[in-house]
Amino acid sequence: KHGVSDEDAQVGAVTGLAWTEVGGELLTIESVTTPGKGEIRSTGKLGDVMSESIAAAFSFVKARAPAYGIKPSIFQRKNIHIHLPEGAVPKDGPSAGVGMVTSIVSTLTGIAVRPDVAMTGEVTLRGRVLPIGGLKEKLLAALRGGIKTVLIPEDNVKDLAEIPGNVTDGLEIIPVSHVDQVLETALTSMPAAIEWTEADDLASQPGAAGAKDGSAPTAH
Amino acid sequence: KHGVSDEDAQVGAVTGLAWTEVGGELLTIESVTTPGKGEIRSTGKLGDVMSESIAAAFSFVKARAPAYGIKPSIFQRKNIHIHLPEGAVPKDGPSAGVGMVTSIVSTLTGIAVRPDVAMTGEVTLRGRVLPIGGLKEKLLAALRGGIKTVLIPEDNVKDLAEIPGNVTDGLEIIPVSHVDQVLETALTSMPAAIEWTEADDLASQPGAAGAKDGSAPTAH
Amino acid sequence: KHGVSDEDAQVGAVTGLAWTEVGGELLTIESVTTPGKGEIRSTGKLGDVMSESIAAAFSFVKARAPAYGIKPSIFQRKNIHIHLPEGAVPKDGPSAGVGMVTSIVSTLTGIAVRPDVAMTGEVTLRGRVLPIGGLKEKLLAALRGGIKTVLIPEDNVKDLAEIPGNVTDGLEIIPVSHVDQVLETALTSMPAAIEWTEADDLASQPGAAGAKDGSAPTAH
Amino acid sequence: KHGVSDEDAQVGAVTGLAWTEVGGELLTIESVTTPGKGEIRSTGKLGDVMSESIAAAFSFVKARAPAYGIKPSIFQRKNIHIHLPEGAVPKDGPSAGVGMVTSIVSTLTGIAVRPDVAMTGEVTLRGRVLPIGGLKEKLLAALRGGIKTVLIPEDNVKDLAEIPGNVTDGLEIIPVSHVDQVLETALTSMPAAIEWTEADDLASQPGAAGAKDGSAPTAH
Amino acid sequence: KHGVSDEDAQVGAVTGLAWTEVGGELLTIESVTTPGKGEIRSTGKLGDVMSESIAAAFSFVKARAPAYGIKPSIFQRKNIHIHLPEGAVPKDGPSAGVGMVTSIVSTLTGIAVRPDVAMTGEVTLRGRVLPIGGLKEKLLAALRGGIKTVLIPEDNVKDLAEIPGNVTDGLEIIPVSHVDQVLETALTSMPAAIEWTEADDLASQPGAAGAKDGSAPTAH
Amino acid sequence: KHGVSDEDAQVGAVTGLAWTEVGGELLTIESVTTPGKGEIRSTGKLGDVMSESIAAAFSFVKARAPAYGIKPSIFQRKNIHIHLPEGAVPKDGPSAGVGMVTSIVSTLTGIAVRPDVAMTGEVTLRGRVLPIGGLKEKLLAALRGGIKTVLIPEDNVKDLAEIPGNVTDGLEIIPVSHVDQVLETALTSMPAAIEWTEADDLASQPGAAGAKDGSAPTAH
C-alpha cells in the first residue's frame, strides 16, 4: 500500500515527489503542532539541504502568517514538528520545499490537503517556486501512486516535451511560479487573510497588557 | 532471565522486538517522567534513526494528548526520559516506534502495559503503522521469550506466509494499521479522552490568569 | 528565467554576484523577519566565511539601526532569516557582505530594493567596503542577467582596466567605499534617521516602566 | 593508599568496581549538589555508555524521589555533579549504574554510604539490576581493596561457581535484583518516604502561590 | 589602500600586527555593541587560540569595567561583536590580545583609538602583557603601513637588537608590561574610573527594586 | 621573566606546575568574576581532562562555599573565568586541580595568594588530593622559578627519595591530603566560614520574598 497516496483529505499530510538513483517515488510529509515557542523540529533522516529547506519554508510561513489567516501569536505557544516517514531511508534536496510550506500551512490553519495531489518545487523566502530535477521519474511515480494532479515549477514546463504522452495524459499537470498557487490547488479551501498590525504585534508580546489572542486572554 | 518478558503489568515498560544479524530479540523500553518543560531524553546507545523515531513518537503523543486523556499542561512541568536497558548494546531502526508511543502514553496516563504483549512497527506523526523487516526473527524471539500476543503492522501480514506454523500457532498475532489499535491491546485499559479547547490552551500558558490545571492552581 | 534578475522592486530581495570556477553568476539574497529575539538564521548551503559575513552584516545594522530609521527595540521581538535560493548549491566567501546589509536594511525598513542593481563587496563592522575577486566574471554575469547598475568596491576600480569595453559600456558601474553609498543607490528611497538615546534604550528593556516602542505599549 | 577503600562513612561517596584488560579495580564515585535547575553534570573522562547510565540513574531518582524522602522541589534549585577521580583514566560501561543511584540518593538525602561496601550492576529506569561482566576480576579487586561486602546482580549468581573459594570466603556477597536492595545495604540508614501529590507538584512550580517547600518560602 | 592604516581616530577600530609565513601585516580589529546580555561574538575566520584570547580579553574588561569608567550594568543589555576584516583569510594566535582589549574598551567607553598606533602582545586575565613572536616582521609591516607608534611587550625589548636601524628609527616603539599602558597610549583620552560597590551590583540585577543604571530607570 | 613567579600576592593568581616531555615548568592560573549565573568558562588551549578538572574544582567550591565564607547567592550573579596564559601552548592533565580550587576561592573571597608558593595535585569532589606524575621535573621547575614552598600530594611523598638533595634542600615541600591544607598555606589568610541554612538558600532564590544577600536587597 506504500507508494500509493492516502485516500482521505488530511490536515498536515502532503505528498511530495522524490527522485533517487533507482527512480522517483512518493514522499509523505507530515506535520503536527506541539507546545513550544515557535520552533521547528524535523525528523526522518533528512540531509542538510532538506533541513534548511524546511527552515526556510517555516520562516516564509511565519513572515506571511496573517495572509494565510494565521495569528503570529500562535508562535508564542506552539512548535511545529515535520516528519518524513520511512525513518531509515535518507532523504535530501530542496525540491520538497513547496510540500513543506503546504504541510505547515495546513497544520496551522486546520485546512486539509487534497490527497490526490502531489507536488515538487524548491521554494524561496518570498514564495517563488524554483525548478527541480528528475521531472520524468517524479511524474512516473505520481502516476503509479494513483495521484491525479501534480504541481510542478513553471520553469520545468520546458522539460515536459521529453515526458512520454501516456504519463502526461494520465495526470493533470499544473505549473506554478508562486507557492500561493500551490496552496490554492492543494488545500481543500483557501484560508482567509487576517489583519495584523504592528500594534497587534506589540500587544501580543509576552507580558504585554492587553493581548488580542496572546498568552493572556482578556475580554475586550 | 533476560530475553524473557516481565510477568507483571507495569507502567511505562513495553516489550519491543529487535532484529540483528544474529537473530531477533526482546527489546525492553522504559520511560519515566521527571520535572521539566516537555522535553524528551533518550538513552541506551541509540542510533540516529531510533532517536528520531522517539522524537516523532513524543510529538505524536503531544499533538493527540487530549484524545488519550492527557492534559497538555503537563508538558509545562514534566519531561519524559526513555531508556532502553543493556546500555552497552547499540540499538537502531524505526521499528520500535509503536513501542515508544505505548511507553509514553502509559507513563503519562499511569495505565499499565500488559506484560505478555510484544510489538513492532514504525509509527508516523499521524499514528499510521508502517511495515518493518525481520518479521520471522522477531516472532521467534517473542515465542522464546514467553510472549503471548504480538502486534505487527498490517502491511507485514503478507510475510506471515513464510513463517513456520509452530511459530504462528504459539502466538496471537494481531495486525494493526494505526497506533490506537496498539494501545487498545497493549494497555490494561484505554484512557478516556478529555476536552481541551484553544481557550484551555491559552489559560494554561505560564503567566495566564486562570489555569484549568496549569502551573497556577486556582479554585474554580 | 533564472540567472535573470527580477523585474519589480521587492523588499528584502537583493542581487549579489558570485564567482565560481565556471564563471560568475547572479546570487539572489532574500530575507524576512520572524518572531524572535534579535537573532539571525541563514540557510542555502552557506560556507563558514559567508555565514560569518552575515553575522557581521547583522551586527553592523544593529549597531547603526537608528541611522537607518530602525528602532533597536525591534530586536526584542523579531529575528531575521536570510536565505540564498538554489539550496543545493554551495555558496561561500565574504563578497556578498554589502548585499547582506542591503537585504537586512530593506527588510527592517520596508523600503524596496531596485531590481536592476547588482552588488559585490566585503563589508566591515564599520561599513567600509573591501575589495573582492573575480570582478570580470561577475560583471559578465551581471550583463547577461539584465542588470543595469553594478556597485563595486572602490579598491577594485584599478581592475576595470582589464575588463572588455563592451562589458563596461553595457553597465553603469558605481565604485563605493562605504555601505551607505550602496544603500543610497540600491534602495528605492533612503530611510530617515531617528534619534535613540541611552534613555530610550533603557526604557525599551523588557520589564522597563515606560517604553517608547518596546514590548509594553503605553500612551504618552 | 589508592585502590583501598575509605574508612569513614561519607555522604555521596560510593565504591564501584571496574573491569579492564589488566584486571579489576575499585572505582570511586563522588557527587555533590550545586545551585541549579535539576541538571546533572558528569566528569572523569567518562565514555558515552557511562554518561548515559548516569543520566538514567538521575532520572530514576527524580522519578522516585518521594519514595526516598526527597522533595522533587529540590530539582528547581539544585544540580548534581558526579565525578570519578583519576581524571586522566578513561572509564566506560553501564555497570556502575547502581553506584550512581546510590551516590545521588546519598547526596540528596544527606545519608552516608557505608565505606566497606562495593557494588556493581547496571540499573534500569524502573530500578531493576541487570547482570555485568568481569565478576571474578571485580571481586578480586574488592578483596584486595579491603572491601567487606559486595553487592552483585542476582543474574550473576550463576557465575559465582567459577570464583576461587578464598575470594568468596573473604567477602560477603549479596545478590540484588532491585536498586532498593542496594540502598538498604549501602546506606547507613534508609530514608523515609514522603508523600508528594500532584497538588504539591503544582504548588511547587516557580511562580505558584503557596509552595510546600519550593522557591517561595511561606509559613503554613 | 589596504595594508595602510586608517587616518582618522575611530571608536572600536584598532590596528594589530599579524605574523605569517610570508611576512608581517596590519590586522584591523573592529568591534560594535549590539542588544544582548553581555556575550561576545567574534568573526573573521579566527582560530581557537585567537577566539580564546578574545574571550579572555572580554572577561578582563568585564572584571575591571569600573576602572575604565564602564558601568557593569551595560552587560545586561549589550553584547560585543568583534570582527577582523578580510573574512576569508584565516587568523590565529594570542598576540592580538592587547588589541582586543583596546577595541572593547574603546567601543564601551566611546573613546576613539589613535589611528597611527599599532600594537602586539598577548594579554592575561590580570592585564599583564606577554611576549610575542615575529617582532621584526611585525615592525616592518607597521613601517610599510604608515604607523607612527608601535606598542610591544616589554619582554620583547631584548629582540630589538636584531631589528635593522632604519626600522626602529622610523617608528616610536613603546614597550608595555600591562594593558593599562596600552590604553594610555592608544586611546585619544583615558576613561575616568567610576565607583561600583557590591550594593550597586545587587541593585542593578534584573528585577531589583532601585537600579543606579540598570534596566529599570528610576529617579533617585 | 616568564618561568619566574610573580613577586606580589595577587587575588586569583596561582602558580601550578606542569610536566611535559621537555621538563617541568611553572603554570600560571588566573581567574576573575564576570556578571553571570554561576557558570565557569576556561581558556588557554586546555585539553578535556584539564577542563573537566576545572569543572570539578568549581563544583567542589560551590558545594562547600559557606565553609570558605562564600555566600552561595553569589552564583546567581557571577560567573568565573579561568585562563591559563601562553594561550598558544596546549595544556592538559588533572594535576592542576588544587591550583584551580585555590584560584577560585581566592577570587571569590578576595583573599590574595602567596606568590612564592607553587602547587600540584589532582583534587576530588570531596577535596581529597590525589597523586600526580613528574614530581622531579616539577620540583626542578619550581626551584628554577624562584618558588620557596611547594605543595605536593601526600601520596607522592614516597617519590621524594629519588629527588636530588639540592632540589629538596632549596624548597619547603609540604605534603597535603586535602585541599583545605592547600588553602591554609597558599592563601595570605584563611576565610572565615559562614552559616548558610536551607532557609537562606530558599530565601536567596530569584523571586523569593526576602533575600539575605540575593538579588533583591532588603533591609533586615
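We call the chains A, B, C, D, E and F, going by the order they appear; numbering starts again at 1 in every chain.
We adopt the following convention: a residue touches a chain if its C-beta (ideal position, glycine included) is under 8 Å from a C-beta of that chain, and two chains touch if they have at least 3 such contacts.
Being a predicted model, the structure only gives us computed values, none of them experimental.
Under the touch definition stated at the top, chain A and chain F share no contacting partner at all. The rotation relating chain B to chain C, fitted on Cα atoms, comes to 120°, given as a multiple of 5. Across the assembly, the mean Cα position most removed from that of chain C is the one of D. Averaged C-alpha coordinates put the centre of chain D at 49 Å from the centre of chain E. With centres set at the average Cα position, the gap from chain B to chain D is 28 Å. Among the residues of chain E, those in touch with two or more other chains are 206-207. Chain contacts here close into one cycle, and each chain has exactly two touching partners. From chain A, proceeding by way of chain B and on round the ring, the chains are encountered as A, B, D, F, E, C.
Across the interface of their complex, chain F is touched by residues 38, 48-49, 52-53, 55-56, 59-60, 62-63, 72, 75-76, 93-94, 97, 122, 124-126, 128, 130-131, 155, 199, 201-203, 205-209 of chain E.
If you check the complex, the residues on chain B that touch chain D are 1-2, 10, 12-13, 28, 30-36, 41, 43-45, 77, 81, 83, 85-88, 206-207, 213, 215-217.
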